[in-house]
Structure formats: C-alpha cells, structure tokens
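Common to both upcoming complexes is chain A, partnered first by chain B, then by chain C.
And then the complex of A and B:
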C-alpha cells in the first residue's frame, strides 16, 4: 500500500495545502494570482519569470508540496517519479505562439519552448534535479484510477515516491491539484492511495 | 550611442522576462552570457529576433552571434553599423 503524504490545491479563488487554506485571491488576473503565490514562496528563481502559466503553476505547486514535506529532500535524484496530466495540453501557449507570428512577425523561440505540456515536468526536474520516471498525459477529467494504478506500478518498480499533478490553466481560470505519494504513511495523514480517497481529496478543493 | 545602450538594456529586460533585473544591474561591458544575467540559448534566439524585429537586422551568419552578443557595447556597436 502507498500513501498520500501531502497534497495541494490551487484555484483562481484560493490555495490550500493539506486542506488548510494559505492564500485567497481577490482578483480575476491570473498574472496577479501567480505573482502573489510566487512572492509568498519567498524564493528567487530567475527562470520562473520565463515560464508559461502552466509551468509556473506546476512549479509553485511543487514548491508548496516541498515546503509541506521537507523529507522530500532525502530522496535520491532518481527516486521521485513525476506524473502529470491536464485537459488541454499546452493549448493556451500554442495559441499565443501562433499569434506571435500570424501577422508576418517572427515566431518567438521562448514561446515555442512551451508548446508542449511536458516542459512543465522539465522545469520541475531542472529546478530540483529530479531525474526519475516521468509522464504527462492529456485527459478529459481528473482520472483517479489512472493516477492510482500508474503510481502503484511506479512505486513497485523504479520509484520510491511520486509527485503527481492535475494542472489546468485556461483563459481566466486556474485549477490544479498536486499530491505526493510515498511508500509509507510518513506524515500520518491516513490517506492510502486509493481511487475513492483521491477523488475525495480532489473534489474537496 | 548611450541612448541606444540604455534602450537595449530595457528591451533585453522586457523581451527576456528578466523580472529580477534592473537596468542598473548590468554595465555596458558586462558579459551578457555566462555571467550574472543567467541568459541561455533560448535567450540568444530571442535576441536574434529582437535584432530583426526592432532594428531590421537579419543575422546572416549565426557564428557572428557570440561576438555581437558579448556585451551591451558590442551589441550597440553592431546595431549602429548595420541598422536599416
């Protein structure tokens, strides 16, 4: 049996870690929400500002999980699998990229970099030097069976833990859910990795 | 020339999303790459786009880039000589 040792929700209204709200937002601007969250982390990481919104939210969620679960630092560089999914791939950035050259302009190289959703995993890997198994899938809805089954396979094979995320950034909405899966119930949250429990945590956002 | 250098610094900060950097943070002879600005290969491509979009300069030989993008001084000098 594997366990959820930390989880985090980020929406356009609030941000919570392990069920406890840590930020609420009084703006419709995604830029402002993301900026507020980044500032609240108290870190300086110049590459953050170059990322697209999808990667920024993935980055912030990962930092919040790390803050709530300092034991994460004890894992080796190949121990943590990264398992992410979303609804619309990198569609928002794809459109921005198209717009960058549709009127005869030159395509933006820095936008092009983010026209694949798995760059989000790349940014997390670079930041944390995590080089374990990774996968980014596109799914209509948050698929608890998929995450549960895939995590169990990974943790029974090559991984000691898994950072998972369902990360959606649309035109005016953020909807993201992150959870960290370990082989033991290290934080005593009593949250075995089961589809029903995962579904309950997700909808509790 | 001084105005061009100041404008270039502002453009680089804007186009490369260097949010934590101010115009006063880099001097005219400071290396743009491999130094404190933390620029990478994608930034180099963005600078090539900036040259073409804003100054009408198409870099015919990418090998020249290393020399042109060495510092604000070298970049401003190249633009001054080649702008259209």
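And then the complex of A and C:
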C-alpha cells in the first residue's frame, strides 16, 4: 500500500496545502495570481520568469509540496517519478505561438519550446535535479484510476515516490491539484492511495 | 510473465503495412521529397509527407486506420474487451483542426468507432511518447491492470510544427543526415505506427516477439537542448538493462533516435560511448521517414521488429562520414545477420529520454 503524504490545490480563488488555505486571491488576473504565489515562496529562481503559465503553476505546486514535506530531500536523484496530466495540453501557449506568426509575423522560438505539455516536467526536473521516470498524459477529467494504478505500478518497480499533478491553465483560470505519493504513511495523514480517496481530496478544494 | 509484442503496423509515405515499409527501406527508398513554398518564408523544404493524406482530420484518419490494421492482425475478440486498453502517443495530435480543446474529440471518435471498453490513455511527452507508450503498456500488463494494449503513435505535418522547428533553425535544407558530419537538422515527417502488446501469445496472428523492459529518465539539464553528457539517455538505458536483466553484450542492434541535429546526435553518441555500446550496429531511420514525433518511437520499433523477423539490419540513410565524438558503429550499409535482441531509444524536448528492449522469443 502507498500513501499520499502531501497535497496541494491551486485555483484562481485560492491556494491550499494539505487542506489548509495559504493564499486567497482578489484578482482575475492570471499574471497577478502567479506572481503573488511566486513571491510568497520567498525564492529567487531566474528561469521561472521565462516559463509559460502551465510550467509556472507546475513549478509553484512542486515548491509548495516540497515546503510541506521536507523529507523529499532524502530521496535519491532517480527515485521520484513525475506523473503529470491535464485536459488541454499546452493549448494556451499553442495559441500564443500561432498568433506570433499568423499575420506574416516571425514564429517565436521562445514560445514554440513551450508548445509541449511535458516541458513542465522538464522544468521541475531541472530545478530539483530529478532524473526519474517522466510521463505527461492528456485526459478529459482528472483520472483518479489512472493515477492510482500507475503510481502503484511505478512504486512497485523503479520509483520510491511519485510527484503527481493535474495542471490546467486556461484563458483566465487556474485549476491545479498536486500530490506526493510515498511507500509509507510518513506524514500520518492517513490517506492511502486509492482512487476514491484521491477523488475526495481533489474535489475538496 | 512475458509481455508479447507484435502485429506491428506502419502507415507512412512508403506504405500502409510494416512489411511494405520494411521492404522499401531495405531497398533504400525514402519517403522524403521536396515540397514547394511550404516554409514560413515560402521556402521549398523536404518533408516525408503522405500524399494521399489530403483529408481534413488527418490525425483521426491516421489513428483509425492504424488501429484498424492492427486489429486485423489480432484475435477479433480483444479490441472491445474490458481487459484491453488503447494507448495513444502524440505530440500535437489534431492541432490544425482543433487548437483550443486538443485531442479529446479525436479520442471520443476512436472510442466510439471501435467500441472500446476504456477511454484510451493519451501520452504527450514530446519525441519519447512512442517508446513511453510501449513502456506503459508493458507496465499495465505486468501489473495485471490490463491483459492487452493496442499502442498507436500518430502525428501529421502541420505548419505549426514546421514553422516552430524553423524558428529554432533546426530544419535541414536537405533530406536529414543523422549522425553524419554534414548534418544540418531535421526533416519533418508524418505517419502512424503501432503494435499490440499482450500477456497472451495466442492473440497474435503472426508469431510475436518479447517486450523485455522499458524505462524513462530526464536529463534535468535544459528544456530544449540535450545534455552534454547524455545523462538521461545513459540513465534510462542503464535502468532498462538492469531491470530487464540484459547485458550490453546481448544487444545485437540499437535503433537510435538520431534526429539529424548537431547537438542531439552528438549527445546520443556520448551516451552510447558511456554505456560501452560503441561496437553495436546502430541506425537512425529519420532519413527514410523524417522525424515523425509521436509516431517515431513506434515506427522505429516496428522496423526493428521486422529486422528481427528478417535478420536484416537497415542502413542509416544519409550517413556517410562519422560526425560525432562518441565513436559509435553507425550502419552505412544494410547488414544481414541474426538479430535476437534490440535496444530502442528516444530523446526529446523537456530533457526526456526513454529506452526499451525487444527480443525474439526463446
């Protein structure tokens, strides 16, 4: 049996870690929400400012999980699998890239490199020097069965832990849910990794 | 328990079956041609383009036809079974037909058309998606989550992707020349390719092979440039060998990624050098099919499977003179030899790398 040892919700209204609200937002501006979250992390990471919104939200969720679960530092560099998913791939950046050339303009290389959703996994790997398993999937809804099955498979195989995220950044809305899966109930949250429990946590945002 | 792999299919400019495609590449035929005014500045560019593919919804066409071809090569009862999962590998899917809600409609259509019991899983992990999709299928089968997996990779050529690679100065003005000294970048291609994987040998109409193991690893280095030490590729191949209990000496052939860009091919040569794989015959098939993104890992695996079946390794088209520092054994000519065990690798944007081992049944 594997366990959820930390989880985090980010929406356009608020951000919470392990069910406790840590930020509320009084703005509709995606940029302001992301900037407020980044500032509250209290870190300086110059690569952050070059990322697209999807990667920024993925990056912030990962930092929040790490803050709530410092034991993450004790895992080896190949040990943590990164499983991420969303509904619309990199659509927000795809549209921006298309706009860069559509009226005879020059296609933007700095936008093009973000027109793949797994770049988010790359950014997190670079930040943390994690070399483990990678997978980005696209599905209509947060697929609790897939995440439960696949985390269990990888933790039984060649991963010691998994960082998972359902990360959606569309138009002016953020909807993201992150969770960290471990082999033991290290934080005593009493949350075995089961599809039903995952679904309950996700909707309790 | 063995994961069997077989019923391979390829739809490319060179044909609509794996056998046809294998015969064409064996004869040195490439799908790459010059197309007029297709570049962002109306340049003429080389592409591996399927000429009959003039329909709207090209992605849907490719998925549906490829899956149908594989279904025809397998036991009739499994496609709509509860025990079966379909795994799709793609990078940009239906980008030209659906920019705002990508892929979902195509998947819904496919699920209805084939009456699938489960919604297909869609893997979009840059150019390693195809190898990752096979690895995922193997993991599902080994864990008894599903018994059978149809794994399909597809991507169509779009201005979106072509202009993007042009913006990175990554497109060659000649047909791509992977691993060659004079290589200048990629040639874009379009294709679909797939396999059936199962724990049951009897569902394949032709004798299957064994999928031994597969893993992935990130470079943790750069989002759009490969690691100078081939870090992620080195790590994933090491893991796959270890978990698969396979020695370097057992690998008869490497089906490499070999995009034809300066940095990618150099990185691969360094990783293979670090792995002591310098003498193992190796090719890239991008000179025949171009870079087909989400389909690449599956096309190249399907051709490698044909190499095992036919005991013929295919030369790396476009390669003349060694242009990488790792000291690797790139196939300049076809080679007839007994092939038992092959290594497939892939590397992509986001620093991702994946590898898989396939071998003849003992």
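As a working rule, the second predicted complex is superposed on the first by the 205 of 205 C-alpha atoms of A that agree within 3 Å, B and C clash if a C-alpha of one lies under 4 Å from a C-alpha of the other, contacts with A are read in each partner's own complex, and residues count from 1 in each chain.
Please note the rule applied: a residue touches a chain if its C-beta (ideal position, glycine included) is under 8 Å from a C-beta of that chain, and two chains touch if they have at least 3 such contacts.
In this text, all values refer to a predicted model and were calculated from it rather than measured experimentally.
Engineer: Between chain B and chain C, positioned on chain A by superposition, is the outcome a clash or a fit?
Structural biologist: fit
Engineer: Quick one: is A:95 in contact with chain B, with chain C, with both, or with neither? Answer first, second, both or neither.
Structural biologist: The second partner, chain C, only.
Engineer: Give one of first, second, both or neither to describe whether A:130 is in contact with chain B, with chain C, with both, or with none.
Structural biologist: Only chain C; A:130 stays clear of chain B.
Engineer: Calculate the angle at chain A, using C-alpha centres, between the directions toward chain B and chain C; round to the nearest 10 degrees.
Structural biologist: With chain A as the vertex, chain B and chain C sit 80 degrees apart.
Engineer: For A:156, is the partner it touches chain B (first), chain C (second), both, or none of the two (neither)?
Structural biologist: In the superposed model, A:156 contacts chain C only, not chain B.
Engineer: Look at A:113 in the shared chain and tell me whether it touches chain B only, chain C only, both, or neither; answer first, second, both or neither.
Structural biologist: Both: A:113 reaches chain B and chain C.
Engineer: I'd like to know which partner A:70 touches here: chain B for first, chain C for second, both or neither.
Structural biologist: Once the two structures are laid over each other on A, A:70 reaches no partner at all.
Engineer: I'd like to know which partner A:138 touches here: chain B for first, chain C for second, both or neither.
Structural biologist: In the superposition, A:138 contacts chain C only.
Engineer: Between chain B and chain C, point out the one touching more chain A residues.
Structural biologist: Residues of chain A touched, chain B against chain C: more for C.
Engineer: Kindly classify A:44 by the partners it touches after superposition: chain B alone (first), chain C alone (second), both, or neither?
Structural biologist: Only chain B is touched by A:44; chain C is not.
Engineer: Chain B and chain C, closest CA-CA distance after overlay, in Å?
Structural biologist: Checking C-alpha atoms only, chain B sits 7 Å from chain C at its nearest point.
Engineer: Output the chain A positions appearing in both contact lists, the one against chain B and the one against chain C.
Structural biologist: Overlap of chain B and chain C footprints on chain A: residues 106, 108-109, 113.
Engineer: Give the list of chain A residues in touch with chain C in this complex.
Structural biologist: Going by the criterion above, the answer is residues 77-78, 82, 87-89, 91, 94-95, 97-98, 101, 106-109, 112-113, 115-123, 125-126, 128-140, 146, 149-150, 152-154, 156-158.
Engineer: Under the definition above, what is the set of chain C residues touching chain A in their complex?
Structural biologist: 40, 91-93, 95, 99-104, 119, 121-126, 128, 132, 136, 139-140, 142-143, 145, 160, 163-168, 215-224, 231-232, 235, 239, 243, 348-352
Engineer: Which chain A residues qualify as touching chain B in the complex?
Structural biologist: Answer in residue numbers: 44, 46-47, 49-50, 105-106, 108-110, 113.
Engineer: Touching chain A in the complex: which residues of chain B?
Structural biologist: 16-21, 38, 42-43, 45-46, 49, 52-53
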